[in-house]
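Each of the next two complexes has chain A plus one other chain: chain B in the first, chain C in the second.
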Partner chain A sequence: MKKLINSPVDVVEEMIEGYVMAHPDYISQLPTNKRSLVTKKANKDRKVGILIGGGSGHEPAFMGYVGAGMADGVAVGNIFASPSPDPILEVTKAIDKGAGVVYLYGNYAGDVMNFGMAAEMADLEEDIEVGMALVTDDVASALKAEKEKRRGIAGEFFVYKAAGAAADFGYGLNDVVRMAEKANENTRSMGVGLTPCSLPQTGEPSFEIGEDEMEIGLGHHGEPGIEKGKLESADRVAERLVRDILADIEINNGDDVAVLVNGLGSIPRMELYIVYRRVEQLLNELGITIYRSYVGDYITSLEMGGCSVTLMKLDDELKKAVHHPVDCPMFVQK
Partner chain B sequence: MKKLINSPVDVVEEMIEGYVMAHPDYISQLPTNKRSLVTKKANKDRKVGILIGGGSGHEPAFMGYVGAGMADGVAVGNIFASPSPDPILEVTKAIDKGAGVVYLYGNYAGDVMNFGMAAEMADLEEDIEVGMALVTDDVASALKAEKEKRRGIAGEFFVYKAAGAAADFGYGLNDVVRMAEKANENTRSMGVGLTPCSLPQTGEPSFEIGEDEMEIGLGHHGEPGIEKGKLESADRVAERLVRDILADIEINNGDDVAVLVNGLGSIPRMELYIVYRRVEQLLNELGITIYRSYVGDYITSLEMGGCSVTLMKLDDELKKAVHHPVDCPMFVQK
Partner chain C sequence: MELTAREFKAYFKKVIDMIEAEKDYLCELDRKLGDGDHGVTMSIGWQAVKAKLDNDLVDEEDCGKISIAVGKTFLNAVGSSVGPLYATGFMRGAKIIKNKVVLNGEDLAYFWVAFGNGVKERGKAKVGDKTMVDTLDPFVNVIKNKYDGTQDFLQLFHEAVTAAKEGMHATKDLASRKGRSSRLGERSIGVQDPGATSAYYILATFLEFIEDYSRKVS
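For the complex of A and B:
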């Protein structure tokens, strides 16, 4: 697969370099660690710092969500690989104002280990209190009875949004964690993969799939889905994704939701809106009110083809968080 | 090529339907024409209406740029095909406040004909004054001596931004046209194509290209470029694009520019930032100041692979326009 890069070993460093150069009013790189980026738009009313991170290749996630209303800092990993504890610790030290830092990350073994180690180091070496919230929104990745085994996918966007708003509201550490956990608890995603991506190092496709096939429940790094079958129409796919989500979480007539139809990298915006159309029709039929919609590339997997649907069930506090403005280099909401 | 759609004949209508459903606070569809969309965020200080449009498949262009600070309305064509005069005329009638409407569109035969016919109809049938500004930023599409033959590509974004701000400043028709023309006069783009897209109707690739090839100067609909060669590194490609732009327009030490590194559809954000990095390095070496940068998918060609670089040379009036806030469904700037 074609890549417009210099050398595969330099892609992450050069991306970060370009990112910091392009957005000098938003982002600075810590002198102590090149993989540690922090916002220049820090909110003075925030007590608690928000730290996000994960592997590269998911842009706008994760670095694109550092700014006003979302995260204060990000630790950047290699492609599809967790950042090591060092850059996480450096960001922690940079964004702590004395009231602690909340780590938000997807439920992947490497991230769980490295964020956990960084949290311990922050506590023992720096006396910084760290709260953590795992994102586990991917319905396809484990059975409902084992929700704690589920992976985090596009729902991470909603968890960042909720926790970022909570921090802006002036909440303390426990309440920011509570908001992140509530957002995760109320959020479900289901995806469909159409075409693979490839890692710059290998150039090999991340999974095998036939020219007329789709894979329901495919993970963001090519983890196997729950069903491979013939590619169906956008309406049938939307119905399948919404059905599986609503079988997993109780969202009823009269409830409010936020909706995210997320592109995985190479799917045109046109197709995302065609999928969105059917999602909204289905929710309308069920008497579920859409409080706000997001359609676009929010968490990608390089040039993977396909999309996911995410629903977050809203109470008044989450509505306020969804409504809250954001100003980040890759996402702005008035 | 795989498409997540229902039927090829319905893609544009269903996209519009999904778009209007997803952004009810921003957009309404005119009852008189389904291809006519207007903003709900109309600026009360604006005298002059801004109308944009063109073929579908370039999303976020064109419908994504209807909102506060950019266009008041859009006429939506079929995929890669100009809208007919009817929806243009309907939008014109809907957004005119008595001071006239400015049409902004790329220099393509179908658009020139249809926007021209709509302008005549607006004048003769509705007594609405229409100003027009063609976008001709694609350096590769004709020689400098024949700039009026050049196509409009990603530079359209800067022309919309400049004209939209001018309208918000309360400028009259002639001054909005003057700003759009100045923006176009000061803007140059050069692109590189890596992989084709395909039309839903045919499924056929929009152009032929080898697995290790790139095409410099490729058009947004697969129009032939100026040179097909072996795929080079991101740095070499960035140097080539910037060199060709600077050979075409005088931008000197001490000048200010806005920069857009635009993805054509399937190129990862990571690669766009790697390209941006080299663009900024080159401009820095020349003593050219980057006033503001935009990196992402601003004007696409379905799932085409590749990107373009656009520079707009800025005077104080254009700087003010670039700085001006925007709130549209697919682009927000604080």
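For the complex of A and C:
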């Protein structure tokens, strides 16, 4: 596949350089580690620092969500690979204000180990308290009975939003973690893959799929989904995704939700809005109120084709968090 | 069998060359099970180790310090899941050979046992989960159960690597229960695990290295 890059080995470093150069009012790179970025828009009332991170290739996630109302800092990994403990620890030190730091990341083996090691180091070497919340929103990645095995996909955006708002409300460490866990608990996603992405280093497609096929439940790194079938219409796909989500979480007539229709990298906005249209129709038919909707590329997989649907069931506290303004380089909400 | 820091470092350089040669094959295995980058990840990590060996470690004679530096350098370069796994392995191994400038058969035997146990402990995978533990566990067991300080280390290591190879081959018929490929379930059967494969190569490279070395010195 074609890529507009200089050299595959430099993609992550050059992306970070360009990002820092493009947003000098928002972002600074720590002198101690070039994979550690922190916000210049930190809310002065925040007690607890929010740290996010993960592999590269998911932009705007994760570095695009560092800013006012969201994360204070990010540790950037190689493509589709967790960052190592060092950049995580450096960000932790930079954003701790004495009341601790909360790590938010998707439930992947690598992230769990690296963030876990960094948390141990923060505690032992720096005496900084670390709270953690893992995101497990992908209903296709494991059965409900094994929910702790589920991976985090687009729902990570809602968890960052909830935790970021909670930190802005002046919550302490335990309450920020509680809020992030509540957001995760109330969030479900499911995706469909149409075309693969390719890693800059290998150039090979991440999975194989026929011209007329789609893969339901596809993961954010091209992990195979739950079934491969003939490509169907946007309405049928939206119905399938919403049906599987609602089979997994109880959302009833009269409930409020936030909706995210997320593009995986190369799907046009046109198609995302066509999907959104059907999602809203279905929820309306069920008497579920859409409190706020988000449509666009929020967490991608390089140039992968396809999308995911995410619903977060809202209580009053989560509504307040969803409503809370955000000002980040890759996401602004007034 | 005795290795000085010079040979210990030469072994790591042999691993670096081996990974470059096997990079594409490891990616190919991983494309069928994960995101297709295992060879790339290993290469990024070992190339960083190469830079470390060629610079900071050139005059280092403490094998324990070399092992710590290899683990930490690999970890910082890759993160991912293999980063913490190999880093923990080499750091646990380093404890065994702390302050040693020469490694004898006994040191090496316990170094590799600590390495394998460290990986296992960090990743929390069990035999049969289709991971590098399927290679490392039988390997560690041969050394642990048979070594009493009197055997010929080379012979014993040969036996242990043979067990590792069988463990690696066995991953082909297993359904994955750990890591990203575990989401595949039954669909992962039929492909040899890339992590088990690279772990075998790292052990087999050590066997090759000590075989060549003992031929040279005898």
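Just so it is clear, the second predicted complex is superposed on the first by the 334 of 334 C-alpha atoms of A that agree within 3 Å, B and C clash if a C-alpha of one lies under 4 Å from a C-alpha of the other, contacts with A are read in each partner's own complex, and residues count from 1 in each chain.
The working rule: contacts are C-beta pairs under 8 Å (C-beta built on N, C-alpha and C of every residue); 3 or more make two chains touch, one makes a residue touch a chain.
Bear in mind the structure is a predicted one, so any value in this text is a computation, not a measurement.
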- Task: Classify the contacts of A:Met15 with the two partner chains as first (chain B alone), second (chain C alone), both, or neither.
- Result: first
- Query: More residues of chain A are touched by which partner: chain B or chain C?
  - Reply: B
- Query: Just chain B (first), just chain C (second), both, or neither: which does A:Val237 touch?
  - Reply: first
- First, second, both or neither for A:Met270, with chain B first and chain C second: first
- Query: Now for A:Pro224: first (chain B), second (chain C), both, or neither, which partner does it touch?
  - Reply: second
- Can A:Ala145 be said to touch chain B (first), chain C (second), both, or neither? neither
- How about chain A: which of its residues touch chain C in the complex? 9, 77-86, 108-110, 113-114, 117, 141-142, 149, 151, 199, 201-202, 204, 206-207, 219, 221-224
- Message: Give the list of chain C residues in touch with chain A in this complex.
- Response: 24, 27, 31, 34-37, 39-41, 44, 75-85, 122-123, 178-184, 187
- Of chain B, residues touching chain A in the complex: 2-7, 11-12, 14-19, 21-23, 56-57, 59-60, 64, 192, 194-195, 197, 211, 214, 231, 233-235, 237, 265-277, 280, 293, 295-297, 300, 302-303, 305-307, 327, 330, 332-334
